[in-house]
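In what follows, chain A forms one complex with chain B and a second complex with chain C.
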Partner chain A sequence: MDATTHAANPAKARNLDTVLLRKRLKSGLAHGAVLVLVLIMLLPLVYMVMMSFKTSTEIAQNPLGLPESLYWGNYMRALSEMGYVRSVLNSLAITVSVILIVVLAGAMAAYPLARMKSRISRIIVMIMALGLATPNFVTITPIYVIFRDLGLLDSYLGIVLAFAALKMPLAVFFYTGFIAAIPLELEEAAKLDNCSNWQIFWHVIRPLLGPVTATLSLFVMIMVWNDFIYPLLLLTDKDKLTVMIAVYKFVGNTGIDPTRLFPAAVLGSLPLLLMFAFFQRKIMAGSTAGAVK
Partner chain B sequence: MAGLELSNVIKRYGATQVIHGVDLQIDDGDFCVFVGPSGCGKSTLLRMIAGLEETTGGRMAIGDRDVTHVDPAQRGVSMVFQTYALYPHMTVRENMSFGLKIGRMAKPEITRKVDEAARILKLDRYMDRKPKALSGGQRQRVAIGRAIVRQPDVFLFDEPLSNLDAELRVEMRVEIARLHKQLGATMVYVTHDQVEAMTMADKIVVLRDGRIEQAGKPTDLYHDPDNLFVAGFIGSPRMNFFEGRVVSHSDGHAFVEVPRLASQPVAVPVATRCPPGQAITLGLRPEHFDPQGPVAVSLGVDVLEDLGGVCYAYSSDQGQDTPVIVELRGQNRPIVDGMLQIGFDPDHALIFDTETGGRIR
Partner chain C sequence: MTRNLLSTTLFALLAGTAAHAQIVLDVVAWKGNEAEPAGMPQLIEKFEAEHPEITVDLTFVARKDIDKVIPPRLQSGNPPDVTMVDSALNKLWGEAGFLTDLGTDADWVQRMKPEVREVLELDGAMLTQPLEIIGMGNFVNMDLLAQAGIQTPPVTLDELTAACGALAEQGISPMIFSGGFSAMLFVGANGIDPAAGNAAALGAGDDRFVEDASFNQALDRVRALVDAQCFDPELQAGLDPWATAPQEFRSGNVAILPQGAWNIGSFQQVEGLNFQFAPMPSGFSDKGVALDLVGPGWAIPRDAEHADAARAWVDFFAKPENLAIFLQAENAYSPYEGAETQMPELAASYTAARDAGSAILWPFSTLEFPKALQPEWEDSLTGFLLNLDDPNEDTLQRWDDAVEDSL
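Coming up: the complex of A and B.
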């Protein structure tokens, strides 16, 4: 009896070791896979930064190697030639304006849609969802024609309105789900506190939308900042160009000059990366809000 | 402050009627409690009084004002919700003063009212905290404070204690009762907890399927219920019911045969003449069993709940679904699976028409 017990215990311990080893191996493999994916995703970024510090000779001799030294001359030239400050300010003004409109109008549109249980509201939400899935090439021509007829081509108002309209379905989609999860009792309490519908939205609902607004703002910011098609379509005045179009200036018809293009690309992405790093915590909170009680 | 009057109040959702012509008078300063099983319409009726649900038909008046179709904020009511419904982004002070700010009251007046409510509810120390930094009881006090500052004609409470633990519930129950005494306001309170109803109410309204079964003082409903439903609903543990049949009627007594309870017909005092053979249900509260009672009863005991001062014996003999509950005080406790020799006084028994459920008085 004793012998059996003693024999069983080491076997049990061995089994436990095997299970633990398997668990660690699985975890190690998963981490390794994630690391590889992250490296693959970072590769173009690293390549862009590396190239931006190389002289033209270095690029010609060793296009994949590390730069021998950090050559800032490329940046100086790109800064002066691309009208960096002006284009960043343009992008910033357009992006911020679009975010403000989308956030405010999106939340206002989503509030009744989230609360009304009628068939019409469901149909509107469905149409909005369709707007999310509409590809760019479908909207380019109508937008160009409408904006040309309205005299909104080559104007800040035009590009802001175009982006705001295009991003509105995303905002409504975001806010509808979030507002639907806000307890109805809060609104009823506000009604008893003498609030009109507008006051309920402004004083009770809007302040609770912070986390989802941060997440939505980030998405809109990335999409608008990086968008290339609509600024190219609607803007021609070089003083109104966005930073992405300014970067594109270094892509020639017959070839590219990497010593100009790569530093310009780094400079173009820099404000976005900084903003992302700054808002990251709020954004993560927003993207998981409502996941647990 | 003012009373509340409901006349033939109806609520329909499409073709479904949920409140069927409710008539009710609540006097100024009364504490009225709506009780009833889930889905009986008590919360709907409260929300109709608040104006959060549209009234389909009938009339609703607060004091002399017809408020049937008046906006919630103009009715002169304040409501305390089950889930507190505090604005999470506002501090306690902001929560309490929000309604007054929206009503454009002068700042010094708001401060005075909020401070006064905070003092009454002992919230002074928490005024700058947000709701998430408060306990359940404190949150409920803030919700009550928010109602107080508006100085409404009628306070409405929708199961305000159901989210609290047992100890806090008792504490808050006492606090609300004290508050009612202090403010002298008309209060309407919805609960499914009949202990709350019995201990707090001046008037209890028992609802079933959107109709008032009986309304009156708690002790009246307890001792003199109008029907089987009220008799069974009010009282904890519930009243015992025994199926029986009228044998005869003489000298203001109905002689009823109740096989599960007694071998001989029991003489229950009732003024109404009952025809022999009528099916009745005899009701007897657990505390009305008495070893000295003139009618002897013998019951097999299945379960004992000994709470120290009082003990409840449950008897499910003869395969009955609902056990007979006997309250025992001071006597020697019976043993489980043993026999309990007890008695009762038929003067305490109530009889109901089994068919209609109505009380036979």
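Coming up: the complex of A and C.
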């Protein structure tokens, strides 16, 4: 029918072609701009990886050039000096534990705060938001003193609890806003089926939290993985140290040695990138499934 | 009988365990990591051989992070046994009562250079054992200088401007002069008179930078360097003096780099880089001015768990043969009288300037200049490089204001 119409009205067909062409051009330009931006953002990463494969002489002679060949010696040295596998496992265990606690406890705390319309709940949300703005140096000493008194220094439990407590305001802040936007009708339907508050949270609300959980998990994962101040303060046993502490050893006070720091930094962020790719797909898939229930 | 025998055996076992209980000495330092080993692996091995009952557990914490990581431990009474401090931390933690008085009777205290002792002694107490004095000056690429027909590093202002002209003529970038650190070193060397010692009065607010002839002249001399084609101020103002600038020197892209002697080790590893470390050219001396920085030292926190082992650590570093290992790795000078210099031959002109008395102790490391003045120097000198036509007063007044604010 379209073809007949176009044949009958060539001017209209030309107009349609022009519109389509403009659309394609716009889309192409937008994609090009995004691609350029992505390339610019990736440049430092590419530079770091490139430098990590160069010898010190190559870096000195041609700091911006491509490596003549892939020199694996830097990586071998970094691996031997970092205690890599152990520190990655430590980071992995700590990060995953913190995410689980933060996601579960944060959602459970946020649900009543989002639904209760009292002044107290608003004040609690505000206090939680204040926790987001509190700088590290304010909390670091009280946390250390409390953990010393509780005997939690130099323990996995201590560092997990510290991170979980520090990231909890973020989780409550995320979830409160999200849950408030979920229609009350869903809960009312569940109430008609005699569901308890816990059952409503677990069977109705929780499955809908997929997207925000994915975002929150990624945030928390990056923050916990990259933090080195708290592990440096709370952990002393070398076997418990995280991978970022292992990378930190290569940072100089007055300069950097690219042949040492860059391979260590690549190795340190590699598991994070892999986790990021893995979790992004899994969590998003789960969130989509939950949303259509 | 059997019970008695068992009890005796158990007691003997417990006593034996206690007698051989290994002490783990918790040491925190911003040196000794992979990036800055400072001879520590060798020193720890030697210390543990001399003290088999002690195992050293060295934790690296960068200087910029030590302010965050150590105070909670000091405040909670659970500090490391030994911590590295500098003059600023010595004062801050010392005045708060967190550090142990090491006493002034020890041999190493008697041997300390008076000017260093003056910096570290706090109300008659010696809280820190100093480890080094480290130089700051010019790194000079001798091959690039030779291409311009010059055989010795410039140590006077005339030599420097002549070298800049000759290098520029050959198409070689003469000098790095970033707004932050590099400019500070040059201006400091030309503003602080080694003979008159004007730093303390300026830092205390008794004299004013705006009215100080030396500092006014120092800024004029920066303009003279620009006129002599030493550097392009607009290009250099924002250059990172810690990462980009040393990399440029390593790459042989620039002939002269103002930096600290802590770079000597890493520059020596660059194949084919023929360089010398020289004092900063200055109007005050025809030998150049050696800019000495009072480096870090060891302190024992008040609540250290293993105070005796910590003392043994301090005593170990007090021995000249042990300290020499540290100094050699650091390319630094000893803070003690009569110590043999461990500096390499490539720093001969710097050492000569020191020996001739043409040296100043960097006033930020002696605390003669308040801490808040340092970022102000860096920022205002960057601004100065971008606005060279502005009067000196615009820059110097900011320093006076920073001093006034810190009083």
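Here is the rule we use: the second predicted complex is superposed on the first by the 228 of 293 C-alpha atoms of A that agree within 3 Å, B and C clash if a C-alpha of one lies under 4 Å from a C-alpha of the other, contacts with A are read in each partner's own complex, and residues count from 1 in each chain.
To be clear about the criterion, a contact is a pair of C-beta atoms (placed from the backbone, for glycine too) under 8 Å apart; a residue touches a chain by one contact, two chains touch by 3 or more.
Owing to the predicted nature of the structure, the values given are computational and were not obtained by experimental measurement.
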item	value
Chain B versus chain C as contact partner of A:Arg148, first or second or both or neither	second
Dominant contact partner of chain A by residue count, chain C or chain B	C
On chain A, the residue positions that both chain B and chain C contact, one per complex	none
Contact footprint of chain B on chain A as seen in their complex	183, 185-186, 188-195, 199, 203-204, 207-208
List of chain A residues in touch with chain C within their complex	56-57, 59-63, 81, 136-137, 140-141, 143-145, 148, 153, 229, 232-233, 236, 238, 248-257, 260-261
Chain C residues touching chain A - in the complex, by the definition given at the top	26, 30-31, 33-36, 57, 59-65, 68-69, 71-73, 75-76, 78, 242-243, 246-247, 250-252, 260, 262-263, 266, 269-273
Residues of chain B that touch chain A when the two form their complex	50-52, 71-73, 77-79, 81-83, 85-89, 98-99, 102-103, 146, 150
